[in-house]
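The next part holds the structures, each set out as structure tokens.
Shared chain: subunit A. Partners: subunit B in the first complex, subunit C in the second.
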Partner chain A sequence: MSIEVRDVSYVYEEGSPHSKAALDHVSLTIEKGEFIGIIGHTGSGKSTLIQHLNGLLKPSHGEILYDDVNILEHKENLRQLRQKVGLVFQYPEHQLFEMTIWKDVAFGPTNMRLPQDEINRRVENALSMVGISSDFYQKSPFELSGGQKRRVAIAGVLAMEPDYLILDEPTAGLDPMGRDAILGKVMELHRELGMTVVLVSHSMEDVARYVNRIIVMDEGTVKFDGEPRAVFSHRDELEAMGLGVPQVTKLGSLLQNRGFRMEDTVLTVDQMVGQIRANFQS
Partner chain B sequence: MLRDITIGQYYPVDSVIHRLDPRTKIIGTIVYIIALFLVKNLLGFGIAIIALAALISLSKVPFRYIVRGLKTIVIILLFTVLLNMFLTKGDPLIHFWIFTITRQGIYTAGFMGLRLILLIIGSSLMTLTTTPIQLTDGIESLLRPLKKIKVPAHDIAMMMSIALRFIPILLEETDKIMKAQMARGADFESGNLLQRAKSMVPILVPLFISAFRRADELATAMEARCYRGDVGRTRMKELHYGRRDAVAYLILLLFVGGLYASRYLPAVSQLLHMIL
Partner chain C sequence: MDMVRSEGLMHEYAVRGDDGEVTQRIRALDHVDLSVQAGEFIAVLGHNGSGKSTFAKHVNALLFPDGGTLWVDGMDTKEEDRVWEIRQKAGMVFQNPDNQIIASVVEEDVAFGPENLGVEPTKIRTDVEDSLRAVNMLDYRSHSPNKLSGGQKQRVAIAGVLAMKPKCIVLDEPTAMLDPSGRQEVMRTIQRLNKEDNITILHITHYMEEAVQADRVVVMDHGKVVLNGTPREVFSQVETIKEIGLDVPQMTELAYRLRQEGLEVPADILTVEEMVDALCRLK
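== the complex of A and B ==
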């Protein structure tokens, strides 16, 4: 069970003066059960890449394989694919349109032509997953706060019960509390339901805390792909790309230069506390 | 599909046509369009086609790119041509069931189709070679005499430039919303007319909300920068006619003169009719 991106290139507005290569021979495999972070700054091709994973964009060159089958081979399977690979766009609250929250979340399952009781089950399940209580079901989505709207929009994708959940900058424009709430929920989905999650972000801190694999994109190519520790050990290259490493990781390497003994690349504040304590005890 | 709309898009290269004063281009386009409707024979169309072809090659905009704009009017074009072909009275050529095609019908249909194509290509050439800002500056300057009869020239020009500026933004927004709804299993391509119209609701509601939000934000941003209409407003780039504009007007005059003469040269056009 995997999604494989095989030698994919993508050119925007091919044949016009504005044409621009967004992806340049990208190859990678997303295995079921992973929690992946894709990082890169604006224009690095990360949003273009994820739109290929559910067939919204068709590669100019190369192919996307879902469980070893080319997703564009059977056009009629695209709808099924989009149900299995749930994609949450940046600022998903801008897609809300229904009169009530309940109806909006039901849009996806209804498009899947599920029986009514199954739709009900999924909508309620999805809304409770993102922490929206039943008091809100009949309210208009436009009455909610920014963070709540975003959670409703994410529920709209979760209600399709995808095997893969892809989130494009789910925390953009949220305050720290809203950010932690959403990332915490995503972590729960991964841990408790075994959902494969791909988190697109340009925040190193967010990514370092949650994921078990990082893909770094730069100018349409994959620069690094591996465990957070391995990727963050390339501090200089990452800083040259304008990305840098989490602050606590940087602190760790600075301390190491000053003679502290750091056993490994530090990723979280808790690990840092442990390392410093160990230094003082010895 | 949305990318095919070239009207209102600027093609960034440097050419003589690009460097002309926007007023010259606007007046030239208007004269060209009027002239197209006065042309009555093949010779006249020949002159109009050659003139446009020369302008296109001078503008350095690829022909393929200009023609793409025609895709959006194919249906109107077909409709016009067919109506003209079947409804013009005259000498019947072909007759079947209730339809009659006349010789005059074929001429009118052909001329009308040609006219529409030249009209669209001519006006898209103007927008492709003029930035929206230049275009509205030109319009404002041309409308200025009308201020005396209380025509709000500046406001019209400002509204136009904002509208033009919003076309690409709203297209991009539509694209994004469509994709987001497609990711939720929305289908915009199948079903009957009613179902398709209904399937637009998930696009239109978010699109309107975002358009209103953007308009509101823009108004606030303009007020924050002390926008008060045109009273006391100066501009960074004043419009100036140059020598190249004088040459352009001269050529325009020659073109109109040539067309006018072509109406009085029935002998030449008759010859062309005979050959064709």
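== the complex of A and C ==
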């Protein structure tokens, strides 16, 4: 099972003097079960890319294959696709609109015309996945804190029971506790339910801590695609793109220049403590 | 001289039930005593609900004390006839750049404040130019704001405040919605206004690497000031900060962990370069 992006280009306002290629011959495959981080500065094409994954944007060139089938071939495909590939936009809490948290999360499954007991099961399940207890079901979403609102909005997408969950900067504007709560829940969904997660993020530290694979976008192309260690070993190139690497990763490479032994690219504080300990023990 | 001074500042929000009756009062500020010197650059940290934004709104006279007093440049915010003077002295920049820009051309947006003050048109023109130059956005004066990046929009919002000739600028999470390069643009602008034009800065943020750049860091929790000192003094309190649910800079956390392992690195390391020096000295 996979989503394949095959040689996709996307041009905004094609044919007008303002036309601009937001994606330029991008090819990549997202396998089921992966946890992928997409990084890139504003305008690098990362939001345009994820909007192709569930068919919100149509490629100007190239194709998107879901389990080897072109998603645009049948209208029916596209409707099913949007249930299987759940997209959580930036600031999703701005899209909460129902009177109660329960109704807001039930909106998607209700539109799918599922039987009522199935709707109930999904809503309860989705809310428990994001850590919202039943005491909150009948409250207005507007009584919640920013981080809680955002978790309810994510539950709205989870209630569609997608195979792929795509989150566009889910922690923007949250405080450190709100950030850890959201990323911790997403990690649980990945680890315990095997959900495929694509996380668009501006935080190198968050990406280094959670994902198995990083895709770096720059000027509409894929600059790097690989394991976090491999990608973050390109410190100079990433800094030139205005992205940088986690502070511990930078520390690792500076220490190496000063004669310390570093076994590999360092991604977390835990790993760094181990590496430094090894240097001082010998 | 104090640019901002609070003594026993209190603020309560009323929570109302379905019939509009007050069911609960939440104390957002609880006897806050805080002084900010003219020309200082202060970072205010605290998680959501800690009272930091409430404090910021008092400085801008958007809220008034339920107890205690707050002075801005010597003016008591309770004196109603000085509200406009206070708001001009202490300008405010908010989190969302899209909620602060109102005009369809950059320079008209910046001119909005002084126009409302009834400043003479030729003077407005030079003030707007000076303000846009100060945030490095003069080249965009005739552009439409909606085509700008987030960092550029925030700099236009700062220019709009500058055109009012403030002595102090309060920024409430101005970088929260920006990408890393936008964040850097805004931080560089704030730094320059503080160092070169001697404008007092109160910068509210969740980013520890921004707080490190300030002269002083104030940490708020449950409406109280719990830590107050230089970035080194404050961040070396790793345990207290973690208990509150905030981050410390990654290098300070590493220093804390290495000290637990028995390595004698200083507890108040803030940057990668300091950590490299400390470790090389030990080797």
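Just so we're on the same page, the second predicted complex is superposed on the first by the 282 of 282 C-alpha atoms of A that agree within 3 Å, B and C clash if a C-alpha of one lies under 4 Å from a C-alpha of the other, contacts with A are read in each partner's own complex, and residues count from 1 in each chain.
Convention: a residue touches a chain if its C-beta (ideal position, glycine included) is under 8 Å from a C-beta of that chain, and two chains touch if they have at least 3 such contacts.
Not measured: the values here are computed from a predicted model.
Enquirer: Between subunit B (first) and subunit C (second), which, if any, makes contact with A:Met177: first, second, both or neither?
Expert: So A:Met177 only meets subunit C here.
Enquirer: Of the two partner chains, subunit B (first) and subunit C (second), which one does A:Arg82 touch, if any: first, second, both, or neither?
Expert: A:Arg82: touches subunit B, not subunit C.
Enquirer: Determine, under the contact definition given at the top, whether A:Pro115 touches first (subunit B), second (subunit C), both, or neither.
Expert: Neither partner.
Enquirer: According to the stated criteria, A:Gly244 is in contact with first (subunit B), second (subunit C), both, or neither; which is it?
Expert: After superposing on A, A:Gly244 lies in contact with subunit C but is clear of subunit B.
Enquirer: Of subunit B and subunit C, which one contacts the greater number of residues in subunit A?
Expert: Here the partner covering more residues of subunit A is C.
Enquirer: Please indicate which partner A:His41 is in contact with in the superposed arrangement: first for subunit B, second for subunit C, both, or neither.
Expert: A:His41 contacts subunit C only, not subunit B.
Enquirer: What residues on subunit A does subunit C touch that subunit B touches too?
Expert: none
Enquirer: Going by the contact rule set out above, which residues of subunit C touch subunit A in the complex?
Expert: Per the stated touch rule, the residues are 47-49, 95, 149-150, 173, 176-177, 179-182, 206, 245-247, 249-251, 253-254, 257-258, 261, 263, 272-273, 275-276, 279-280, 282-283.
Enquirer: For subunit A, which residues count as touching subunit C in their complex?
Expert: Going through subunit A, the ones touching subunit C are 41-43, 145-147, 172-178, 202, 205, 242-244, 246-248, 250-251, 254-255, 258-260, 269, 272-273, 276-277, 279-280.
Enquirer: In their shared complex, at which residues does subunit A touch subunit B?
Expert: 13, 15-17, 51, 54, 56, 79, 82-83, 86-89, 92, 94-97, 107-108, 111-112, 142, 156-157, 160
Enquirer: Touching residues of subunit B toward subunit A in the complex: what are they?
Expert: 3, 11-13, 64-65, 176-177, 179-187, 201-202, 205-206, 209-210
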